[in-house]
Structure formats: C-alpha cells, structure tokens
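The structure appears below as structure tokens.
Chain IDs A, B and C follow the sequence of writing; residue 1 opens each chain.
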Amino acid sequence: MTPLLSVRDVRKTYGNRIGCTNVNFDLYPGEVMGIVGESGSGKSTLLNCLAGHQALDQGEVHFDTRVDGMRDTIKMSEPERRMLLRTDWAFVHQNARDGLRMSVSAGGNVGERLMAVGDRHYGNIRDKAIDWLDRVEIAEDRVDDRPSDFSGGMQQRLQIARNLVTGPRLVFMDEPTGGLDVSVQARLLDLLRGLVREMELSAIIVTHDLAVVRLLADRLMVMKSGHVVESGLTDQVLDDPQHPYTQLLVSSVLQA
Amino acid sequence: MYVAVKGGERAIDNAHAWLAEERRGDVNVSELTLPQIREQMTLAVHRVMAEGSLYDPDLAALAIKQSRGDLIEAIFLIRAYRTTLPRIGYSDPVDTGKMTCDRRISATFKDAPGGQVLGPTFDYTHRLLDFKLAADGEVPTANHAIPQTADMPRITDFLNKDDLIQTEVPSDETPPDMTREPMEYPANRALRLQTLTRGDEGFVLGMAYSTQRGYGRNHPFVGELRIGTISVEMEIAELGFSIEIGEITLTECETVNQFTGSKSEPPQFTRGYGLVFGQLERKAISMALVDRALRWQELGEDNLGAPAQDEEFVLSHSDNIQATGFLEHIKLPHYVDFQSELELVRKLRCEAQAAAHKEAAE
Amino acid sequence: MSDYNFAYLDEQTKRMIRRAILKGVAIPGYQVPFASREMPMPYGWGTGGVQVTAACLTPDDTLKVIDQGADDTTNAVSIRKFFENTADVAVTGQTSEASIIQTRHRIPEHPLTEDQILVYQVPIPEPLRFLEPRETETRKMHALEEYGLMHVKLYEDIARHGHIATAYAYPVKVEDRYVMDPSPIPKFDNPKLESPAIQLFGAGREQRIYAVPPFTKVVSLDFEDHPFEPARAEHECDLCGADHTYLDEVIIDDNGGRMFVCSDTDYCETRQSAGHRGKFSPKENAA
C-alpha cells in the first residue's frame, strides 16, 4: 500500500538551536498519527514544516496527490502548494481565531473553501455550510452569526467544519483541544473521533495531552528536544513505554 | 424648471477671479513681497522646500504667497513645478560633518569636541506674545562670536570608534528615486528615508510621538542635532572634477537608541536618522524616531504591531499631497455612485418591509 | 502654458507611461505599477486618467471629457481645459466624434467603436483593497489567483441583505484571470466593459495602470443562483423618454418632487434633437 504522506530526514534549525531533526515516518490512508512531547520539544515546529507553513532546512515531504501521485511538497511551486492547502490538506489551529475569519459569518467561514475551489452556487454553498454546522453540533440558526459571538468550544468546532467541508485527505491539527475547558474538550474529542472514523480521515495531531492521542491516534511519535525518541502503535507506546522520557510522560499523566 | 448644474466653465472662471481678489485682501494694506516672505517667514519657506522636495527659497516664497499661506497648497505648487524640471544630473553626496553649523547640540554628552552651540532656537523662549513686535519689528543686534572654521565631527562617530554603536555599512549602490519609479514594498532604508524627508511634518511627528508613548518604543536620545549650511558640489563630466553649485541649509538629527544584542553580537546602541532641507528640527527628530522604528526587522526586534513599525502603513500615508488630494476628492460630484446606492437601499428596504408585513400577517 | 511640452508631460515620461499601457494591454486586468508624476491637479481628481490621456493624445485627436456622464461638470471642464491649453487638440461633447474619451464614473451610452480609446480615472485600483489593506498581500493574491475571499464578501452580502450589496465599482474577472476594479462606475455599466474600444485605467496616486483590450471577456462576479443584475432607476428619462439609460435623480422642489434624467448628457441631447420627448419636455418644441 502506498503511504499518503512520506516524511524523510526533515530538519529545521533556528540558528544554533534545533527545531526538529532527523524525522522520518510514513502515514497511511485512514491513519491518525499523534505527535506528543512537552512544549519546546519541536512538535509544533515539525507540524508547521510538514504543512508548509515554515521552510525547512533539509528533508522531503512526499504526498500522494490525486493527479500526479507522490510529489515532494517542499519542491512544489507556491501556487501548487496553496492549491493543496485549500483542497486536500486542512490545518486546525490551536487558537480558533487563527483559523477563522472573525468578521465573517459562520456560513461564510465554512463556505470560503468551497468558493476558493470554484463553487459558485450560493444555495449549495449555504446548504453545505448548514449541513457542516449540524455535523459539528452548531444550530442552523447560527449560520449568519459571526464567530466572535461564539463560545471557545463552538469556535473550535466551527474551525473544524471550515476545514473539513471540502473533504480533505489529510488534516494537520495543532493542539486542537488546547485552551478549552475540560468538559468542552471531552465533547470536542468525541466529535473529532466520530468525524475521523466516518470520513476515514488521515490526520497528524500534535498535542501535549496523552488523553487526546489515546482516544484519536493509531500511532504515536514522542518528541524531545527536536528528536523523535520513540514511536509505535499508540497502545503499545503508552502501555509499555521504552524510552525514559516516554516513561516520565506517561507516569506524569497517570499521577495527574 | 430645474436644470442640472450647467455652465461649469463660467463658475470655475468666476471662482478663480474671486480667489485672486481674496488673496490680495484689503488693498489699503501694502502687498507682501517675496523677499519679505523669504526673510521673515523663513521656517514656512523651509517647510515648503522640504516637503516640496525642491530647494529654492524664492519659489517657495512665491508658492506661499500664491497659496494664501496654506502650506500644503504651497507644497503642492512646488511639487507640480518640480516634476516638470529636467534632470540635468546628480550632485555628489554632501558630508554633513563639514557643515557650517548655526546650531549643534547633543543630549548624550555634556560637552564634545566642537562644543554645544545653542543657535537661534525657540527652545528656551517663554511663549509670551510679544506685543512690542506688533508695534514695530526693530530688534537689538545679537552678540557675535568668531565663527568656528574647524569641521564639527559627528557625535555618533565617537561612539562608533569604540564599537558602542552599530556601524552603518557604506554603500555605493545608487539609491532608488521615488519620484521616478513606482513605490515598491518592502522598501529599503534609502527609500524609506526619502519618503520620510518629504513626508508631512504633522504625520511624521504624530508617528514619532506614538513610539515615545509605547507604540513601538525605541528609547531615543538625541545623539546630535545640527543645523547649518553646506555647499553642494557636482561632478561635471567635461571638467573631470567637482565644482560647487550652491549652498543649502540642512537639519540633521542622529538618535542613539536602545541597545540590542544577540548571541553572536554584543550589545550595541543603534541609530535613527533624520535629514531635511532647511531649519526644521521638529521634522528631523521625528524622522529619526520613525526611521528607527521602521528598522525593527533588520535589528531583529519583535513586531509589536505598532503603527510606526508598519512600513506600508507609514510610507503610504505620509505624503500630504497624496493625502490631501484623495481626501478632498470626495468634494467632487459622486451622484452617479450615490444614485446606484440609493436604488439599492430602496430595494433592500422595500423587501425588508414586505417581509415584516408578511410576518405580521401570519 | 506654451512653455510646456505637448500635453504637458515630457516625451520621456510619456514613453514610460506608454510602456506601462502596452504591458497592461498585453496582460488584461493586471495592474501595472508606473512612476506616476505629480500633476498640476490634485491626486484623486483624475491625475491617473490625465497621464494616460496625455500619453495617448496626438495632435489629430478629438477629446471628450466626462464626469458623472456629463461634459459640463466642473472637473470635466477643468480637465478638458487643461488639454485644450497644453495640447491644443479638438474637443467635443459628442461621444461618436471623440477619438479619446476620458471619463470618471460612467461609460457612455452610445456604443463605442474600434477607433476609440476610453480612459478611466481610478481612485483605488485594487479590488481586494477593502478585504486586505496590504499591497504586499494583495499582489500575492492576484499572482496566485486566490480570489476566494472576494466571493466570501459577496456571500456575506446575500446572507445579510438577500442581494449582492455592491452598487458601483462592482468587481469583474477579466479574460478568466485577473479580478479587476472597473473604477466606480455604476454596475449598470458593467456589461459595456466588453467593448470594441480600448479601455485604459489610470490611478495616479496609487501608481497603477491597467487595461481591457478590445473584445476582451469581462465577467461581473456573481453566484449562479444570484446572477449579476445591472440596475437602474425604474423610470424613463423625463427629458428624452429613454427607458434604457442610467438616470440621475434630481430633486426639483421642497416637497420631494423629483425628475429623472439621463446621466449621459450627450446621449440625452442627441435623443432630444432627434425628436424624443419625456414627461418634462417643453411641449412647443415637439417636432
């Protein structure tokens, strides 16, 4: 089976400081991979490099494109990469404000990606937006409200709807539940799990919260100081951690 | 029957005639002469030269007279005239270290070689209206000193010798000419300084002030402020050497700012720079502060989101001729656009009312 | 004024502007940066249009200048006079006689021909400006054809008002590539942007020139189920009876009484002299 995403020897430094280095992995269709580590471990840097938000120093990030098969996204032209970013890829920011247009209605937010790829039927766009709001448990009568009137949890769900409306094949998520209340987190996680299963999404989720990966991720990568220190199936890594750092991570969660 | 405004041509001619009459004012009061404006409204003349980007006190005086003292209008006249002048060539860069200074102060050192020279400044005047001046303009003669002939070294050069201030790398690159090429962003420093020196004094002052109040604070000290005259030289190709073509008054300000440093570089002071035609120290200091604020990127500072750090914002709104023209163009008839909005608002209101009726009926 | 070069600008400057125009014609709808000169009239009052006209004028040309569709509005008079003084060209009020027409806010009603150039005065050339204020960003959006945001704005209009709430300066897509601001013409005029004439757009303060070459495809942005609709007042011209022209609404008394007249004064007068009559036409003049 061809991987959907194939990452080879990725390295990113900031002056003398290592952002991340020597990162290699394959992600297969329908698979969800978690990247865990404490803040400063390089997991967000890695995610931003993979998603093309940051230039990397070296490495290859191949993606199985619909038209041309495996392509190194790092070598793609800017228009090609941007096209990918608004069609097959999606990015869910930790802070919903970074991923939403706060002065545009919920419907407009969800509809933007549809319009960006050429949908020109207002009624269809609106119907799809309402359908997606429903799928993320936002009532239809909020379709014309602006996200600034929404609660934090609603904003995050709206961001997810906005990203998934074009049926992307790969979703990058940066601490999707960060900054939310615990009860709100649980609901969001539940929703995400449902969507991932139902849409057979492939996803890379960066989080410091092991509960999130336990629930969502098939596989795990543990990062420390820019290096991948351990990787494997989620249950295996969490239940039988090999690296001392992973052991520390797991035990601190258990204590918490 | 009402007839839509006709005879625009006659209206314009009449307006111009009336304007000329108003400009002259009461004919029983003697008419202003250009030498009077040039000699007694000097700072207005300087501002018009600086923002008009044309060093010619007589033309600036004429522009002030013609514009009834509206300095932005006067600057506009100078700009419009300037643009028709042929470019004969470019002068050599002036070395402001060789200026003959009327005024030269430093706030960073108590004294320095060349000394502090207060010069003809308003700084320590008490702002009391001088009613004697209303009666007659006779002034007692000021004391004279023996003019200093030695060069006045720049204060920041002392800091430079000890590496205490960031060294500016000299460049032989021809700076872009904003009056001959379209503005492009990001702009380099030469282009930024060019824009600022002809920028509106009030705008640049406001931007500079905002940095002092915390919107992109950069802790400036006036390293040196100097006002004086300097000769302008130009190389004549046929002669093979430079000759003096005139003398101009300049105001130069170098600020010494907050030090920066990084892992590879030890802490150092940094600079902001202002240089303007004429005696315009408020403008020169403001320019130096804004220049410094705009350098955040090259100095590795954080973008604080302050207006004075935003190059596109500052540079594209600093020109008072552009600003005034665009602002005032809303006086022009817009009735075609207004009509289209009128139709739209009527339609939307009509539909909203119909919907409300329907709802009430249900 | 005779001290100045033909049409005020020096030949060097005119060449520079012509190069920008040619580039604009070669890339329809693309905004070409040009080193706009400081003109003896204020920025925002047609300096861009004046520079484009100056660069196109020849001594044999016949110039027409309109503002709001009228030849006798003050700024039209002022610009026409400027060229009479500096270029000594023939001027006309008649659309069909003109070889170059400089306009602000209207496209003449009388169909243009292949022998004509229409020069628009443009205040803000960037159609994306009010969605994204940064030039560095908008240039990138054009380069990458990222126009989704433009439709988001239209979507928001419909969601809020039930209609696209843009009445003038209605954005268009040129030759399936660049989104362009047609200058603040009423959207009624948008269909006329597909024309046999050369259309040149000059923005002096913003230092941009762009163009729509003859017979170029120009599509007003819309949705399939909310198609673009050119709008006009639902009246006939009270002077010439035209029911197909863009109308000005004029208040005629203190009781809110009003009349509607063609904004294109030349078109209206031509119709009247051909015997067309409206509600308020003097009866004795009837042919």
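Quick note on the criterion: a residue touches a chain if its C-beta (ideal position, glycine included) is under 8 Å from a C-beta of that chain, and two chains touch if they have at least 3 such contacts.
If you're wondering where the values come from, they're calculated on a predicted model, not measured in any experiment.
K.L.:
Computing the C-alpha centre of each chain, which chain sits at the greatest distance from chain B?
P.N.:
A
K.L.:
Could you tell me which two chains share the largest number of C-beta contact pairs?
P.N.:
Counting C-beta pairs in contact per chain pair, the top pair is B-C.
K.L.:
Starting from the mean Cα coordinates of chain A and chain B, work out the distance between those two points in Å.
P.N.:
Distance between chain centres: 50 Å.
K.L.:
Between chain B and chain C, what is the gap in Å from one C-alpha centre to the other?
P.N.:
34
K.L.:
Quick check: in the complex, which residue numbers of chain B touch chain C?
P.N.:
Those in contact with chain C are residues 1-2, 4-9, 11-12, 76, 79-80, 82-84, 86, 179-186, 312, 316, 321-322, 324-329, 332-337, 339-344, 347-348, 351.
K.L.:
Would you mind writing out the residues of chain C in touch with chain B in their complex?
P.N.:
Per the touch definition, chain C meets chain B at residues 4, 8, 10, 33-40, 42-45, 47, 67-70, 72-78, 81, 104-106, 123, 134-136, 161-163, 165, 167-169, 184-188, 205, 207, 231-233, 246-253, 259, 261, 263, 280.
K.L.:
Can you check the complex and tell me which residues of chain A touch chain C?
P.N.:
It is residues 78-79, 82, 86, 101, 104-105, 107-108, 111-113, 115-117, 120-123, 125-126, 143-144 of chain A that touch chain C.
K.L.:
Quick check on the complex: what are the chain C residues that touch chain A?
P.N.:
That would be residues 144-149, 151-152, 155-156, 158-160, 222-226 of chain C.
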